[in-house]
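Step one of this worksheet: look at the structure below.
Going in written order, the chains are labelled A, B, C, D and E, and every chain counts its residues from 1.
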Amino acid sequence: MSAILFYVLAVVALLGAAGVILAKSPMGSVISLLGTFFALAVIYLLAGFQFLAAAQILVYAGAILVLFLFVIMLLNLGAMGSRFELSFAPLQSGRARLAAAIAMALALIGLVAAQRASLKALAEPAADAPALDSLRGIALELFGRYSLPFQAVSVLLLATMVAVIVLAKRQRAGEHGSGEGAQ
Amino acid sequence: MNVPTEHLLYLSAGLFALGVLGFMVRRNVIVVLMCVELMLNAANLAFLAAGRQHALEGKDGLQGPIFAIFVITVAAAEAAVGLALIIALYRLKQSAETDAAAEMKG
Amino acid sequence: MELVLLTFLPLVGALLVLCTPRASEGLQRGIALATTLAVAVLGVKLFMGYGVPGGDATPYSFSVPWFSLPSAYAAPTAVHFSLGMDGVSLLMVALTAVLMPVVILSTWGHVEKRVKEFMVWMLVMQTGMLGTFLATDLVLFYFFWEVSLIPLYFLVGIWGGERRLYATIKFFLYTLAGSLLMMIAIIAILFDRGTSDLSALIAQLGDASTEKQLWYFAAFALAFGIKVPILPFHTWLPDAHTQAPTSGSVVLAGVLLKMGTYGLLRFCIQMLPDAAVVAAPWMMALGAIGILYGALLAWAQTDVKRLIACSSVSHLGYVVLGLFALTPAGLNGGMLQMVNHGISTGLLFLLVGMIYERRHSRALDAFGGVATVMPVFAMFWVFTVLSSVGLPGLNGFVGEYLILLGAFEASPLWSVIGLTGVIFGAVYLLMATRKMLFGACTNPENQHLSDINAREIGLMIPLVVLAVWLGVRPNDFMHKIEPSLATIHRSVADAKQARTAAVEPLAPVTEGVATR
Amino acid sequence: MQSHESHAWLWWIPLLPLLGSAIAGALHLATLRARKSDPQTSAPGTLAPWIACAAMAGAFVLSVRGFLALRELEPAARALASTVHHWITIGNPQSPLFEVDLGLLLDPLSSTMTLVVTGVGLLIHIYASGYMKGDAGYAKFFAYLNLFVFAMLMLVLSSSLLGVFIGWEGVGLCSFLLIGFWYEKGWPAEAAQKAFVMNRIGDACFLIGSFLLVRLFGTLDMADVVQKIGSAQSFTSEQSLQMSLAALFLFGGCCGKSAQFPLFTWLPDAMAGPTPVSALIHAATMVTSGIYLIVRLNPLFAASGWVLYVIACVGALTALIGGSTALVQRDIKKVLAYSTVSQLGYMFLALGTGAWAAALFHVVTHAFFKALLFLGAGSVIHGMHEEQDMHKMGGLRKHMPQTFLTFVAGAAALSGLPLLSGFFSKDEILAHAFASGGLYYGLWAVGVITAALTAYYTWRMVALTFFGEERFDHHHVHPHESPIVMTAPLMVLAVLSIVGGALGLPAVLHAPHLLAEWLAPVTAPGNKILEAAHGSHHLSHAAEWILLGLGSAVALAFAHTGFHAYKNGTSQDEYFAGKRPSLAAYLGDAWTIDSGYAKVIVLPLRMLSFLIAVVIDQFAIDGLVNGAGSTARDIAEWSRKTVSGSLASYALWMGAGALVISALWMWS
Amino acid sequence: MNAQDLLKMFDGEALRALAPLMALTIGLLLVLLAGVFPLGRAVRSLLVVASLVVSGVLHANLLLGGKTPGTVLAGTFASTPTTAVWGVLFVLSTLFAWLYSVRYYEEDAPFKNEHDVLMLAAPIGMMLMAGARDLIVFFIGLELLSIPLYALAAFRRDRARSVEAGLKYFLLGAFAAGFFLYGSALVYSATGSLSLDMLSSESARAALATPMGLVGVALIAASVFFKVSVFPFHLWVPDVYEGAPTPVTALMATGTKAAGFAFLMSALVLLPVSTASTVALIAILTMAAGNFGALAQQDVKRMLAYSGIAHAGTLLLAVAGSIKDVPARDAAVQASLVYMAAYVATAAGAFGLLALLERDGSPTTLDSLKGLAQRRPYVAAALTLFMLSLGGIPATGGFLGKYLVFSVAVRSELTAFAIVGVLLSVVALGYYLRVIIAMYMQSPDANTVVGEPRPASGAATLASIVCAALVLATGVLPGWLLNLT
């Protein structure tokens, strides 16, 4: 049952991905991407990654996509009410065909690589089995072995904040840069 | 979920390839950025699939999810920077197409 | 320590010149001249003191560790900053040392802009050249070899003629292409033998398989062949010479090209004897054809400076022919010819420069009858031409004779082909002489040329004296280089013996009727 | 190996002229300096002839001293030597592999040559001091002339072949300088260049010969070579071949210097130089150095069989070409020049028969009378204001009687009128040729024909110059006798031309052949080899008398014919030119050999030179070099165009790159 | 693992290893704080320089002070002599870039404070990359390096080219990061580990040799190749280098490249021997692309960008050599250290001098360099030195690096590639010489825009002198550098 659900979700995810590429307006792409994210979140859940599924919904769908939407709105790139339309125009040019060929070949290589890995099919874990990403395990890893990257990420996020300010903050006349970073 | 890990990886490969394709063919910078997110998601899926596989084989399966968490974090950061850049571009060119950023060449 | 002083004195001079204010050109010229004179004195002193009876044959050497190269295969390769001198390098060093004051003095006439830079580059170049001749470490040699490229690049590029940029880039890139391949060979040798010490390599590399030696030989010979230049690689030379300022041409002809022939002798022959024996017929052929080709090429030129440049191709063909005859006479002749060419061609370029400064033309057709208005110039010119065509009693003859004699022992055919250069040398140089100096002085632009002045005469005198000295008493020089050349010849002869032993015994050429 | 005493004073023989040359050169420079203030002055330069003549006189005196010193010695030991230093040493100085010494050797042969060179040279110097008076390069001329004498003395005195070569090239150089002395005129410079280059061709052959000698004998000391050949029992065939080749190449060198076919064409052009130069260099001394060299190395030539035939044939051919060409020349110096070519041919004919002494005998007599004739011609030219065309002379005997008389004496000697010097020397050569038999009969016949031609053109010249009507323009030309300083040497030479035959009287007269006896120590080794190979040829007295008679008859007959044909004017020339124009042109152009060279050798070489310079060097080789550069720039330009600046294309490249790497590695 | 263990992990060794990073982090925070108070430029400069210097000194201390901590933090990070040298290089490149940036921007340019914060963040990322023993650490380091640079490239956001540079760099960087992550996932899938130490074990090597492992490694390699600008992942370089503010370009050219190679050298274990020839081929193609690309340029900044590509190709040859010939690995590491050390000094100096000229109001075209030797003799002389060093002429550091790299190649019997490589470096001289020609041998035309020489800032002068001294010192007396590495 869950296997069938997986395949359905897989198709949804792929269709969503295709939708991102083919949607006429950026807004349509966002919607499609949202579909893919949801499908993937469910797959994570099915596979036993409950924390990740939650993170997927919260961070991706909740934060990132909203950010996208926000920017699209800000820049007036797509009307909210417009219909979801597909356009194959991006795939028409010669270069796009080349790109398609490359992408297909990459997919093929990915498939071959996966296949040759000869991973055997696995039994479904018992329903009450703990999640593969138990919070405790994750916490131990994050604050144990991976505490260095974890802390580095904090610097990274700080740097990202500064970067975004540098790039996007509107500058009022007569105002000088100093003193604006510490927020 | 009784699905072979291979199939999860197939899905991941498909998503990755679509992301790559989209990156190469779309001209709207926002969509291009979304395609990057697709690629990252494909990688995440692969990480989780592998982690699941290793865990079921009795090996350390947590590295996959951990990496995925870092990826999600970084993805957010990248998206923020990316969108800030798009805004900067839009301010100068009133456009969010990659063609607006093709002045330098050769 | 003498050698270190000798090598770096010009560099010190260059630094001194750098410290002077840009406007005080007299001071800059003075420092440069004083430095080169000091080097000349040192050089002559070394030359005189070298190899005198009772003295050590190689009293001068200097070596300090420079740096160590890592090696995963052998012990770290210690690269030494080591300078040393045998007869061969002695001669080259003496030539460089003596030529440079002349060159500096010759700039009074034609270097008027950016004197400071000019003197700096000249002095840096001298250090580069001396280092090249004195280095006894493969890496150090390469170091100096390439460093000496840069000054000439600037000298031609800044103070050259109209097409100077083309000429200077061509010269630089062409030479560099050759030397980079040499670098690969040096690397290979270093990993092969785990040392970069020249004397150790000379002692060892003869054991390497002939095939390997030939690979090394090819890389080295290409680098040196371009520099010399040997026949098909010569086309940069006429351009560089024609565009270079007089002093640049003199240094180029006098010393820089000798770096190539020196390298051929030191590395291709001395270090790789087996390969030299195998390649000798080909190199001789290139040399002999180069003699003829360069002469015919020179004959067709209408620009007198270019003509002399082409004649260099011909004259250096002699050197190659002589060296690769691999006979004592050929080696001796080749060495002498290196010096001779430096003197004769240096003089010719000086003379061309003098007339160019007055007439601002180098086209043969623009002249005619110059001897009437510039008799002293004509006298020096004719003298130099005669020295260049190898008139017995002057320097050119002894070298050419020994080369051809030595080549005749090894291969009569190439010797005879090379001998045609004796004829054609007279043809093109006398043609140039006739067109420039002789005939009626009809062109009004020529009628008021002033004859050369005391400074110009004075700077040529040392070279003239050397030309006569070398012609009359060549043994003064040959005795200095003899032990070194004998060593080289012995190793080559051994290699030859080993190669031909199976085929036929080597018949000593000097055995004649009498000893039968 | 003979042991030579050291006689350092020998060096003064060549060094005195060298010193003279240096002083005269300095005087020339001083003159140039003086002219800066006074353009007309010739002040310090006027001292030069005194210096030069003094140097020559000194050299002559020393030569005589040498001659006398040799006379004191036993014939076999007649050799004085002085070696100053080891000139070129290959190998360890203690035990050299190969060494060339710079040494002088005075033996009967070089003594003879030295006497001729210094003696005739002195006379010509004296003559020149009058002839060149007023020339801008007065001092320079003497510097060159003395330098020439120095080189010539080095040539004849050096003990080693390379020492000879110093002189050999040195005389070539001086010849170049002196032919081009009046370089402002243009064509003398061209003639000088031609002379030098033609000489160089010969010199190149000389060098090959010397290489072969080194290969064979390991030395360049000529005495050693002679001794080694003489003492050798037998030669392997390869050695014989190499010896023959060495001889042939050395003879090639002689061809250049002594103006033999095919390298003679420079000599007539060399008349562009001042006349004393023609007399000294291109008649009396330098051109005979080839003969000297062969005599010096006579055993080598004697031992190389067929080379002697070659020499004889070349000599005979050259004699014929020179003689026939001289018939139609209008320029008095050209007549003498071709005559010189012809006479040199005679000498080589003699060498080709192994008649070393006869050849040298002719060298000596020829030096006397040809120098005389040239100086006489110079006197005429001087008196005629630089006119050289005999068609514009005539009747000069009244105007310049001394010149006329001495000139006639020289002409008589040249044409071989009986009892004069030329008669004996020429007769001896012909007798030797006749005696050698076989192929030499033909050569003898050629010699006789040439003798006839010689008599004819000589007296044609005398007649055209001194007899008949005065064909010159009396308004502009006022012929006058030359000053005593010029005529005195003429007289001395005239006497020598007349009595010079006494040096080598034929055997039938039962008088000693002085020169042959004097030279015997030198010529003996060669003669020995020849005798061993061919046996000795001796003509019967009857045959000798017949030949003498024949020679006298031919000379007298053709001298008479020639004189009478031209005694009254130039009509004979016009008649000949009208009747056989092509032959006249052919002869006038010296069998068109020179113009042939221009077409067949010089022009193709010139074209080759341009081909190399333009097509091969510029287009092909440099084209490749520059092509490499421009190809790099083309690639660069092309690669620049592929970078479109579009993000998508960059991504495409990256995707493709990742794909290719993955695929490659996956299947690696 | 409990909290106790966690604390144990951060023992003295780990702190020593992390100290240089912490110094920078603290400096970064202080600079950020300094912005709040009106303390003025001097304090901020002092903080930046001090934190960099302290970090550098800590690295040097690791290097010279005896034993380095080695692998710490549960095998995720290593501090070895090699990483210490890399660390010094990162600090140096950042310091040079910062010094040149001091008066580069207009006096009233905004966000100077943020600029400095971002500049201090980048080297932390570099150090993480160089010391990473785990792919996660590497990835975070990569992003920590990249994100500040994306922003810095677009720092002059009022200029289209700057924004274009930032955007191109960002998008392609994200694209490459996608490849990296997917590749890591495949590697993890194949081997079950992300730790480089584990991956170099025997069993992991076998797993890596499967198609999945190989594809994963290939994709990781592709992303690193992107960072170090290797063909065909190099196309962003000219555009980004040209558009970015020149001091930032200097940082990208030196620091980023060094960090990429640092990781490449430590991640060699991932690459099987069979990949050597491919890498060598890529190296040659990179050299060709860089050199020919540079040959066609009129803009010196862009030319130097292409030249940087060529240099990456040269260094990749050493990588190829050490893949092929495992015992040569130490030599290759040293070669890359020396090469990058020389390159850092040279390229930083070259870009820095261009920044100096830009401040004069001069474009960076070859034309505007004409006659520079007369206008600014010292700048011209230094630029000449840097050009010669880039061209690998002896007596400069560039030669030493080139020599060592080709040594590795020859030793690994990649001689044919080495020969093609040196011939391509002849092409390279073709354009380096053009710069010298313009400066020394040509005079400006009437319509050439040349700058009005303005006095250089003390910082820039200092940086130039240090760079030139380093270039000469490594060229003439290479011993000290060889002993350090």
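We adopt the following convention: a residue touches a chain if its C-beta (ideal position, glycine included) is under 8 Å from a C-beta of that chain, and two chains touch if they have at least 3 such contacts.
Keep in mind that what you see is a predicted model, and the values were worked out from it rather than measured.
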Return the chains common to the contact lists of subunit D and subunit E.
A, B, C
Which chain has its C-alpha centroid farthest away from the centroid of subunit B?
D
Name the chain with the Cα centroid closest to the overall protein Cα centroid.
C
So which chain is farthest from subunit A, going by the mean of the CA atoms in each chain?
D
Contact pairs, highest-scoring chain pair:
A-B
Rounded to the nearest Å, the gap between Cα centres of subunit A and subunit D is 102
Measure off the straight-line distance from the CA centroid of subunit C to the CA centroid of subunit D, and report it in whole Å.
36
With chain centres taken as the means of their Cα atoms, state the distance from subunit A to subunit E in Å.
30
For subunit A and subunit C, what's the span in angstrom between their mean Cα positions?
71
Note the residues in subunit B that touch 2 or more other chains, in rising order.
5, 9, 12, 16, 19-20, 23-25, 27, 32-33, 44, 49, 51, 53, 63, 66, 70, 74, 77, 81, 84-86, 88, 98, 101-106
Do you know which subunit D residues sit against two or more other chains?
629, 640, 643, 645, 647-649, 651-652, 655-656, 658, 662, 666
Contacts with 2+ other chains: residues of subunit E:
136, 139-140, 143, 147, 150-151, 154, 157, 166-168, 171, 175, 179, 182, 186, 189, 211, 214-215, 238-239, 296-297, 430
Inter-chain touches occur between A-B, A-D, A-E, B-D, B-E, C-D, C-E, D-E
Footprint of subunit B on subunit D - complex, ascending:
640-641, 643-648, 651-652, 655
Across the complex, what residues on subunit C touch subunit E?
65-73, 142-147, 149-150, 153-154, 157-158, 164-165, 168-169, 172-173, 176-177, 180-181, 183-184, 187-188, 190-191
Interfacial residue positions of subunit E with respect to subunit A in the complex
1, 5-6, 9-10, 18, 25, 28, 32-33, 35-36, 38, 73-77, 108-115, 117-118, 121, 124-125, 128, 134, 136-137, 139-141, 143-144, 147-148, 150-151, 154-155, 157, 166, 182, 186, 189-190, 210-212, 214-216
Subunit E residues touching subunit C in their complex are 325, 327-331, 334, 388, 393-395, 399, 403-404, 406-407, 410-411, 415, 418-419, 422-423, 425-426, 429-430, 433, 436-437, 440-442, 477-479, 482-483
Residue ranges of subunit C touching subunit D (in the complex, touch as defined)
170, 173-174, 232, 234-236, 293, 296-297, 299-301, 328-329, 332, 369, 371-372, 375-376, 382, 386, 391-393, 397-398, 401-402, 404-405, 408-409, 412, 415-416, 419-420, 422-423, 426-427, 430-431, 434, 437-441, 473-475, 478-479, 482-483, 486, 509-514, 516
